[in-house]
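Every chain is named by a letter (A, B, C and D) in the order it is written, and numbering of its residues begins at 1.
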Amino acid sequence: MSDNILKVENIKKSFGGVEALKGVSLEIRKGEIHCLAGENGCGKSTLIKIVSGVYEADEGSIELDGKSFSRMSPMDAIARGVQVIYQDFSVFPNLTVMENLALNMELMAERKLVSYKRIRAIASEALAKLGVDLDLEERVENLSVANRQLIAICRALLHDAKLVIMDEPTTALTKREVKALFAIIKRLQAEGISILFVSHKLDEVFEISERYTIFRNGQNVATGETSGLDRKAFVRYMTGREFSEESYRPAKQGEVVLAAKNLSLTGAFKDLSFELRAGEILGITGLLGSGRTELVQTLFGIYKPDSGEVQVRGKRVRIRGVKSAIRMGIGYVPADRLTEGLFLPQSIVRNIVVSKLDRLSGLFGVLKGKAIGAEVEKWVRELSIATNDPSLPVQTLSGGNQQKVVLARWLANDLSVLILNGPTVGVDIGSKYDIHALLRSLAERGLAIIVISDDLPEVLACTSRILVMRGGGIAEVLDPASTTEQRLGEISTGVA
Amino acid sequence: MINMRRMAKRSEPYVFGAIVLLCLLIQVQSKQFFTGNNLVDLARSMIVPALFSIGAMMVIVSGGIDVSFPAIASLAMYATDRILLNVNYSGNVMLAYAMAAGFGLAMGAVNALLIGVLRLPTLVVTLGTSSLFTGIMQGALAASESPVPPSILAHGKEKLFTATNTQLGLTSDMPSQILILLGALLLVFLLLRYTMLGRGIYAIGGDEAAARRAGFNVVGVKVFIYCFVGAMAGVTGMVRASMMMNAHPTNLLGMEMTVIAAVVLGGTRVTGGLGTLTGTMLGVALMIILSNSLILIGIPTYWTRVFTGAVIIIGTGVTAWQAGGSGRRLASSGTGL
Amino acid sequence: MSDNSTATAAPRIAVPRDRNILRLSIFLAAVFLLMTALRPSIFLMPSNFNSMMRQFPEYGIMAIGISLTMITGGMDLAVVGTANLSAIIAAKFLLAEVPRGAPPEQALPMIIVAVLLALICGLACGAFSGFLIARMRIPAILATLGTQQLFTGIAIVITNGRPQSRLPLLYSQIGNTELWDFIPLPFVIFCAVAIIIGLALSKTRFGPKLYMLGTNAKAARFAGLNNEGILVRTYMISGFLSSIAGLIMMARANSAKADYGASYTMQCILIAVLGGVDPNGGFGKIGGVTIAILILQVLSSGLNMFENVSNFYRDVIWGGVLIIVLVINLVVDGKARRNGARA
Amino acid sequence: MKKGLVKLLALLLVLAVATPLVAQVGKSSKPSKDWKIALVPKDSTNAWFVRMEVGVKQYAKDTGLNAFQKGPAKTDAAMQAQVIQDLIAQGVDAICVVPVDPAALEPVLGEALKKGIVVVTHEASFQENTMYDIEAFNNADYGAFIMDNLAKAMGQKGLYTTMVGHVTNASHNEWADGGVAHQKATYPGMTLLAAEPRVESEDNLEKAYERAKELFKKYPNLKGIMGTSSKDAPGVARAIEEMGLKGKVFVSGTGLPNENKTFLKDGTLAAATLWDPKDAGYALCSLATKILKGEPIADGLNLKLKGYESMHFAPGSKKVLLGSGWIVIDKKNVDSFGF
């Protein structure tokens, strides 16, 4: 028996003439936490699907727990202890916790009838494995994202997993939830389970993994011990490019463009005051439920504050809705790009101009085709959105480019304040740097920016002031140059 | 153990409350609601819509929507009736039900093929097949009202018991077809709750991709749903014919929207995944009590549609408002769906 | 004016779905040729075209209204109720204000007022449905099922269900005017409606707003669209169009009644769906809807040529065409999708 | 300025359409084998019109003429107008219509007349744009006759109400109105239920049955229901039978023999009335042919068909031809019809 739980060699796979994998190899040792990194489209997901038996490789060999396969079915993979936790967790939002936990087992056992006694037993056992306590009768849609993920993990462990593959597991989690997840991963490791952790977030890779493999364009670019890797090299391997990032300093103190005075919203935040100046990038961080999202959504006209006032350029204003917020020069990039930010099946053009339609049309609302063309062309060029036909649906773009489309929508509106909620969530590292650079240059040109993020390195690197929220109030205002991730975390949780 | 917090989020209690209010109103207006024969009359009127609503609920839970069931029921019933009349059939009524179920199943299979296997959108497909089946019935079969074979006639006259109204001495018969409804309820209850197939229906309504990954045979489940619902529609058509002792080809058509409205009113989520038989039956009961009590309440005939429209609007409005309302004040609202 | 250059230089604001329209056109041509081949002497008679042009405008206009609401992801089941209620209000007004045998100079201003009343009624009905859907957040299918009952009910209450007939003759004369003795006025109105709504969808900001809202209401809100306003406006347009259809029906029937055209609702939904309107919202073009209307009309007029063929075959062919178009779209587009698939 | 424009517009429109609606029509110049005679019923599924089509087919067989029935798929005035529109366009020579709503068909029938097409109607005594209207009877008289039957069963006293297919159905309402008027004039002992003077059966057996049950529960004094739609009497009769009200509550109305056989035989339904739609269909085609042939239509017209042997114009009318009335079906003769 070898030390490897998984060994794949020289895997090739093409789709309709396009080579997704050009002969990649991956080795995962028993009981190790291995990180597979790479930008979107590098072939990570394809490899996962091959390892879990969903796709069949065109060429190459797979060895699972000492057994070689030329063809492998999903059932073979599960039988050899491979479990995949997908990005969307594959849970049923409408079913109860216990059903979500147990249905897969029952299906595996090819049962035709349902016994709630058995289901309850299976579910309790599954939760017990991780020592988690959840209401078995609750519908999963009423749970937090982190709890849904726990269910997916517990469910995977039921199958005597030897290798758990986690596909971008931290995308939707807050910092604290990520910590909890890492603790669980360590626990699994302690029980001898190997973890393949698929991610492109470098700090996570450094924190959790022992070894790493990096793909680029369907090929291996590097593999080795994580301890022997530094950030710069990691980014270089992933993107093939070099980036440098220094924290942002506004050139001069701009005027106050937006201010909140004693703003309150029931159940979200209370008596909150702050100022935002032109040219600064204000970071807002805090746990989920700290009121940060509600705060910015109130500024953007989604919620109506119960008391307090908002000032724009020193004048008290009433923001009656999103439209009036936009008229006052406030833009908002929502956290969930797919459900709140984009119109996926609609064209890139429409996605860019949607908020500016009133200004891009003339008499009787007739659209100015030329102006729209120019506008779209300008932003595609300026933000280097990778497309050669903007009339294609926006869903054909990668995550980073999709985010740029949302940004373009707002930049087209001559804003004075741009609020971004999780601007680089689910965006690959190259685009992430592009977006950071863009934010900096926008601020330099006088835009006031608010960034909400859980990605603490991001907050530290690209903001000029940080506002930490806790329990609906401002816990502290910090200077990113003189603070650390740890300090931010402590203030958020109120440990310090 | 009843979890109050969980109950408050469901719509069954509200529908139930609405039914209680309506019943009290009828009782006050006519003193006739809580009489044995009135309750039997209402139960009788519920049979056909309730049978339809069970199928409609299953389809909506699975994430689809079906408007073809009245057409399937009519054609299945009519074809069966004509064949049996042609051969002068006089045997057991079960054969008639079996034939109607068979025809319904075959038509359901057409839906199943288009929706389950070819993955076409459900509303469009069933609009198309509905038109197709009605056209076949009225064009190719030149359908018109016709009598029913003697055994079905006899079956139509069967009664389980007779309820008497002590005040007025009126009697109403409980038709034996109610057993079919009860049977269908029991069958579908067991199916949905205690079989993997039933849980599969909920699972694909919740997240189809996840269901596929979990190992549910998604195509198989969908094919089953549309075939089963088709067969049930066929039986329902026969139930109606036997209760009316007359095969009327067009009398069921046009019920689809009311049935779907009743199902949605009963708390079934339009986008799939959620829905209970209890809620569905409550929704149907509300609609049926309403439409069968307008005279009892004393609404003049000319005003019935105004009243029905107002009740639908207010009823759904309260439920929708309840479901959508959060404590926080929104600066501007509007969801679009 | 350099309109030509802009048309080519500007990127298309619409997602290309023209293939569907092309396929529908082929179907229309096929049905047309089939009917011509079967009964050339009857089908190609000018009077037959005149007859067709007089029939479809009323339901065609309602189908366009329903299509708009379906593009927002909703549905308007109340079009027929709105049409009849509007017509009845106009008819009641005419009966009250215009004595029998009144001279045209006296009747015409009253007719104009009656038409305006009907159109206002249509707008009001639409606004009410829109309010229920946008503000009360009732699912459109339920809300309009309710308003359909309500509007029909009001129409019955104010008329006791009786037809409002013996209207001033001038009204139906105007309504049935034929330009050059061939082109009926309702057809002209239909063309105007189709062109105006078609242009509004493709050339003005109203179109993209509607499509965006229909695609993702939440994102539309975050993008600063006034969802509520757009929805209410859309249902108002649908109500307005319904009242135009009601006025046309009133002119053709020279009377108004609470239950005219009850079977038009499902027919209009079928037309919209066949015309390529996505029932989930976000997509659909007036061009496609118009072709679907023509297919239906050619089919039903064609079938009326055959003494021994029942009108019910129209339903069979109609359902068949709908499913065939779906399957063709699936096969052709499905292939394209598979080729474009990437992991 | 504006006023002048309006006037001008009015003048233009009047000029444009001022051709007389009814032109002289009659004798056809075509050879009779090329004639096309179309009968347009209210809808095609209803047993009533299926029976009517039997008459049309019979006529075509007897005479060798091209007579056929072509109806809308649903009982809907708008759809019926479309069918007629198409028939006009396709050049039929005669159109016989049983209008869903006479008023709604005026313009389209006017157009037919203008084009020289022979138009005859049935069950539409107020139709203006028709050459002749055949009535098996006068609507008010028919209603009165149903009322007579009901009064007889009720012993000429007690509370009653009327039932129609839809409150929007013209002929049902005329019958009911005729019946009520007749009761007021002739049967002082009877009273119309004021709270619900007219209920709807939606032309549906099941609904007629449900509504009747509701009525009996709400109004225990109710002694009679006058039905109009052919579904009313059998539906109400079922309710009477089931609720144990046989002999206490009575119903009368239109009905086909087969549908009512059981209730007539067991006495729940005293008598049903009807005219044979087959004969009506035959008579319509026959009248249309006479006009096409250019034969004179005069009082005492004989269509050589039982009940239509000597037709007379209704008083004061030159269009409405009345037949010799209706048929009463009762226990004794119910088996003799064969439909």
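In the analysis below, a residue touches a chain if its C-beta (ideal position, glycine included) is under 8 Å from a C-beta of that chain, and two chains touch if they have at least 3 such contacts.
The structure presented is a predicted model; accordingly, all values stated were derived computationally and were not measured.
Chemist: When contacts are scored as defined above, which chain pair ends up with more C-beta pairs, B-C or A-B?
Modeler: B-C
Chemist: Per the centroid of Cα atoms for each chain, what is the distance between chain C and chain D, given in Å?
Modeler: Result: the chain centres lie 33 Å from each other.
Chemist: Calculate how many whole Å lie between the centre of chain A and the centre of chain D, each centre taken as the average of the chain's C-alpha atoms.
Modeler: 72
Chemist: CA centre of chain A versus CA centre of chain B: separation in Å?
Modeler: Centre separation, chain A to chain B: 44 Å.
Chemist: Do you know which chain C residues sit against two or more other chains?
Modeler: In chain C, residues 156, 160-161, 218, 220-221, 226, 310-312, 314-315 touch at least two other chains, as defined above.
Chemist: For chain A, give me the residues that contact two or more of the other chains.
Modeler: Residues 302, 321-323.
Chemist: Two-or-more-chain contact residues of chain D, please, as numbers and ranges.
Modeler: 44, 73-74, 167
Chemist: Could you please write down every pair of chains that are in touch?
Modeler: Listed in label order, the chain pairs in contact are A-B, A-C, B-C, B-D, C-D.
Chemist: Sort out for me which residues of chain C touch chain D in the complex.
Modeler: 42, 45, 47-48, 50-52, 54-55, 58, 104-105, 107-109, 112, 156, 160-163, 165-166, 170, 172-174, 176-177, 249, 251-255, 257-264, 300-301, 304-305, 307-308, 310-312, 314-315
Chemist: Where on chain C does chain B make contact in their complex?
Modeler: Where chain C meets chain B, its residues are 72-74, 77, 132, 134-143, 145-154, 156-157, 160-161, 213-214, 217-218, 220-221, 226-228, 231, 266, 269-270, 273, 279-281, 309-320, 322-323, 326-327, 330.
Chemist: Quick one: which bits of chain B touch chain C in the complex? Just the residue numbers, please.
Modeler: Residues in contact with chain C: 114, 118-121, 123-125, 127-140, 142, 257-258, 260-261, 264-265, 270, 302-310, 312-313, 316-317, 320-321, 324, 332-337.
Chemist: Once bound in the complex, which stretches of chain D touch chain B?
Modeler: Touch list, chain D to chain B: 44-47, 50, 73-74, 167, 195-196, 198-200, 204-206, 210-211, 213-218, 220, 242-245, 258-259.
Chemist: Taking the touch rule as given, give the residues of chain C at its contact with chain A in the complex, in rising order.
Modeler: Interface residues on the chain C side: 6-7, 9-16, 200, 203-209, 211-212, 215-216, 218-226, 282-283, 338-343.
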